[in-house]
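Chains: A, B, C and D, in written order; residue numbering restarts at 1 for each.
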Amino acid sequence: MKHFITQLTQLQNPMKITPADFRGVFGIMPTPATEDASRWQTQQSVNLSETEKMVRFLNTAKIDILATTGTFGEGATLTWPETQLFVDCVVQTNKRSRPLFAGVTTLNTRDTIERARVLVDIGVDGLFVGRPMWLAMDDKSIVRYYQDIAAALPGVPMVAYDNPVAFKGKISTEAYLELAKIPEVVASKHTGGPALAKDMRAVGEKMRILPLATAWLAAAQELPELALAAWSGSVACAPTVNMALSQAILAGDWQRAKELSEKCNWAESAMFVGGDLAAFMDYSIQIAHLRFAAAGLVNPGPPRPPYLELPDNYRDGAIECGRRWKQLESEFSA
Amino acid sequence: MKHFITQLTQLQNPMKITPADFRGVFGIMPTPATEDASRWQTQQSVNLSETEKMVRFLNTAKIDILATTGTFGEGATLTWPETQLFVDCVVQTNKRSRPLFAGVTTLNTRDTIERARVLVDIGVDGLFVGRPMWLAMDDKSIVRYYQDIAAALPGVPMVAYDNPVAFKGKISTEAYLELAKIPEVVASKHTGGPALAKDMRAVGEKMRILPLATAWLAAAQELPELALAAWSGSVACAPTVNMALSQAILAGDWQRAKELSEKCNWAESAMFVGGDLAAFMDYSIQIAHLRFAAAGLVNPGPPRPPYLELPDNYRDGAIECGRRWKQLESEFSA
Amino acid sequence: MKHFITQLTQLQNPMKITPADFRGVFGIMPTPATEDASRWQTQQSVNLSETEKMVRFLNTAKIDILATTGTFGEGATLTWPETQLFVDCVVQTNKRSRPLFAGVTTLNTRDTIERARVLVDIGVDGLFVGRPMWLAMDDKSIVRYYQDIAAALPGVPMVAYDNPVAFKGKISTEAYLELAKIPEVVASKHTGGPALAKDMRAVGEKMRILPLATAWLAAAQELPELALAAWSGSVACAPTVNMALSQAILAGDWQRAKELSEKCNWAESAMFVGGDLAAFMDYSIQIAHLRFAAAGLVNPGPPRPPYLELPDNYRDGAIECGRRWKQLESEFSA
Amino acid sequence: MKHFITQLTQLQNPMKITPADFRGVFGIMPTPATEDASRWQTQQSVNLSETEKMVRFLNTAKIDILATTGTFGEGATLTWPETQLFVDCVVQTNKRSRPLFAGVTTLNTRDTIERARVLVDIGVDGLFVGRPMWLAMDDKSIVRYYQDIAAALPGVPMVAYDNPVAFKGKISTEAYLELAKIPEVVASKHTGGPALAKDMRAVGEKMRILPLATAWLAAAQELPELALAAWSGSVACAPTVNMALSQAILAGDWQRAKELSEKCNWAESAMFVGGDLAAFMDYSIQIAHLRFAAAGLVNPGPPRPPYLELPDNYRDGAIECGRRWKQLESEFSA
């Protein structure tokens, strides 16, 4: 099955990216949706003009590394033709200005490899790879999965997507030790929490373990040599704020980093209203759409099926979160 | 994206199937694999001659309703072209001899609808529909998901696939009450356990709730008017035994049903060696391949990536399970 | 087994408490610990002078209803003699100034009833009742558990403790409907999230469903007749702030309630640093000790075994949370 | 709080038990209940004459090591006075004929230590120790918990109880490596599954990892030097059969071991009817009562609150399981 974008972009070769190149913000973006994206009848739900606009402002803000089609970026709900269309648009707009990692999580190894090949062809620099989730995978299977993808696409850098809720279990420290031996696996979007420091120490310089941006400062103070990059899901809300935090941390300016970290926490925390942290994750797509809309930089449009419903008590928090990011961004980009 | 099988089969129209038509065994089949199916390089992993052979013996045994591409039938690990090839082969062999439901579970509503349309075009009589599982879905989302599919394919019967481990949560009794109002949702492959009788009572005649075959007798004795069909994952191991159990239960011959139920339990139970029931489900694909191979009626070939690894302590149990089915089948088909 | 506090307090009879009496803040308190409380050798780990001080300031602030020995109040880690000593101290200090509910969650029905009887004897007005958690309980078992306690202590009001993480599953809406028929079950500490509004509507006036204080405003705007009380785990951090929020909501002053709600969110949210919401709950005892200490009103002392370890990345957030409450409290109590 | 059994038994000193002493069957027994044990009003629910009878036949069968008050032996639902009464009865009947391990799982470290001291005083030889389960414990906390108990009771052997469903998570291989350094932790009742061989290899001779009896043969064939003992929950159903299996495995008579293992599997497997393996564990207490009653050697009486309810579809399987054990036992003890 060949991909449908026949006119391949004539860009320079993919960048060679190593763990050391992960320095700063790994910014995960949403996939802006057309007004009719919540309807099952819609065949093309990607809002390309908003996509272009978004990639431009992420470039302007100099977000260090860009990533597409994770969880809230709707890796699950885009059709494959839409994914290609969207990623092609990002590639064409980005023009290799920043390294770009495209999400290729599917229900099996071969589909992920197929998608990876097409998207590398289209011009992405690396892959953002979660694992099949119909059944949970054990350590051996997880390692083999990444080995297989690396074998199929030698030299193409991968960021492992370690999301225990989505993929039915955390990547264990032991599995990280094996993944760190695969040259292609250069980084991991980590879930944070108690395992963060342990996993960072375990893999050392061989892989860049990425904490969430709001957990970055603590990690950087504990492991300054290793915590040189973080992931953020709010670069499309407030790119300037994210980069200010990054600069403060990388400069070792703990005082300023603390102030910025607190501001980011203040913004993010608005989402967690309602009390049930366990259920919160189930609505992260719907919440993200409201959050980005309220932040005002990009019009994310409505969510795509089947992730459409959102209980009222999450709604306000999501909107408030976006508003806070908007307030911070206007403060910082002034 | 059009499907690649251009020469559509010229068969009679799809059967109209109601809950009352679910009487007997809903037999879920594996997807036989080629010898190289475990390699990520393999592009076409469906063993078509084994598929034909399998469908023929399921027809000969008069399994009441056939189903494809569930969990062990590798709905997750087949590529979409392979699914079409496989289902087309089943359709051509089955020749509408038995009603055929094809699994169309994907990561989102639109992909499932797209697959459903293509497979109905190819000639299946109904759909076997699990839900997207990247994020867990709440009751409202589950109901809307099935409503959307019904709206997209009016009149096409669906069997809901209620697998709490795979799809991150059971369909609640309240959600069943809503699903029962959708005419297209004619049945549900139920997970069994404490909710079985409750859910059966809740939906009554409006939907056929299918217990596992080994749990059928108890359900039939408790709710004889409602427990008129069951699902089985072992029809490709021992079709004759499955049908004998079905006949005994539907004839109300409890004594014979009890004997047969015990024999089936004896066979199935060999799988559960090793002690950790919670982990067992994670290996159901790998276990199924060993089980079908040992039963000897169909050559299932090796599993497909990423579900390849199997701890030793599950291996023996899986093989023993298949051997027991083989023994029973030879006893009954004599 | 008789309790060891022989000289029973001579106080007026227990208050008769109905769902309608739940109006305002249900404030859950910690159990202050002695300096050596983390050692397994310690036999009496309750800091009684801090307990007195705490109850006095909660009284001064007029927290509507008081509760002891939940999760962070270390219902799990106190010995039974310590629980009696602590609750007796709270009773003697409180002097029925505010209704007092004591936590009596154990591993079985009879132990909970025994504890309940002794604590009612000591002088508590009601019971705060989680359920046995060695094995998960189904709906029927949950309902019977509360029925049994009500039968053993007729007329003693109970607040059901609905904590899905601690007690292995949420109380379902169907179970709530049954619990609402038990006159003794007057309220429930709810987990919040998607089920909150649904459960509130289901039980109506028959039981007071309590959202978390930071989720109260949204609930009050949606269901103003029903959302008349909320639970708070931060009354020992900032009682004045909690009461200010309560007054604004009960007065229907949405503008002021919004301001206050945001301030509370700002304080609470500092805890959620680190990224892994799923793991966060596992450390709620340790986090609470740091939080209360930083807030400065009560000296909670160190945590009790086995809940002693805390990963670094939760530590800072916990302390920051306490600091924010301190800042808010000094602002409001000025 | 002192225990109420003042007249301590005059028996020889506790046996010194090492990992090497774990050879054969670690047999976990139920706690026989009086006819009124399901009522919350019952104060003394232990059937002492049945207890004596049971310990005598376990002695006659020469079950290698005895254990009390695990999950189905109702560690959760006995009151503390009942536990002492029951264990005292077992001790007095057993007369140090076989090493005896008593379950001391509670909600915290100090209660477990207190119980351990009293039960060692009463005359048990070792402790069977699960962990507090109100909140999940991480690796560090698990290790410290066992270290603390060992420090409080130096020289008293412990069997770690590794039940992921009950105690909210498996003991990791890394934690096992630390536990193996504690001389008192001589063995672990393992959950089986994929981690079994890995954990056995990790700890080697320093700790005896016990598989479930039905998984023992496979483990013994893979790791003959290490798999020298197993745990069984069916010694009170069919002690002779359990010992026959043990002798065959320890003699390396694989053929006979296979036959016996299959017979045991046939008996055990009857329980798993109903289809929902995930829910099965929640009912293990209720199922055990029916199973032991049907096996006929001991009268277990009814279950204790709150674990009283059992869906119909588990009932038949539980009874059938007991019947099969009865059939096997009569065959083997003839």
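Operating definition for what follows: a contact is a pair of C-beta atoms (placed from the backbone, for glycine too) under 8 Å apart; a residue touches a chain by one contact, two chains touch by 3 or more.
These figures come from a predicted structure and were not determined experimentally.
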Sorted by label, the chains bordering both chain C and chain D are A, B
Furthest chain, CA centroid comparison against chain C:
B
Just going by residue numbers, which of A-B, A-D or B-C has an interface where over half the contact pairs are the same as at C-D?
A-B
For the pair chain A and chain D, the C-alpha centroid-to-centroid distance in angstrom is 47
Chain centres from averaged Cα atoms put chain B and chain D apart, in whole Å, by 37
Would you mind listing the residues of chain D that make contact with two or more other chains?
138, 165, 194, 281, 283, 311
Spell out the residues on chain B that touch chain D in their complex, using ranges where they run on.
164-165, 190-197, 211-212, 214-215, 218-219, 222, 262, 265-266, 268-270, 272-283, 311-314, 316, 320
Where on chain D is chain C touching in the complex?
1, 40-42, 71, 75-81, 105-111, 113-114, 131-138, 140-141, 144-145, 148-149, 151-152, 165-166, 281-285, 304-309, 311
Interface with chain A, chain D side, in the complex: residues 138, 172-174, 194
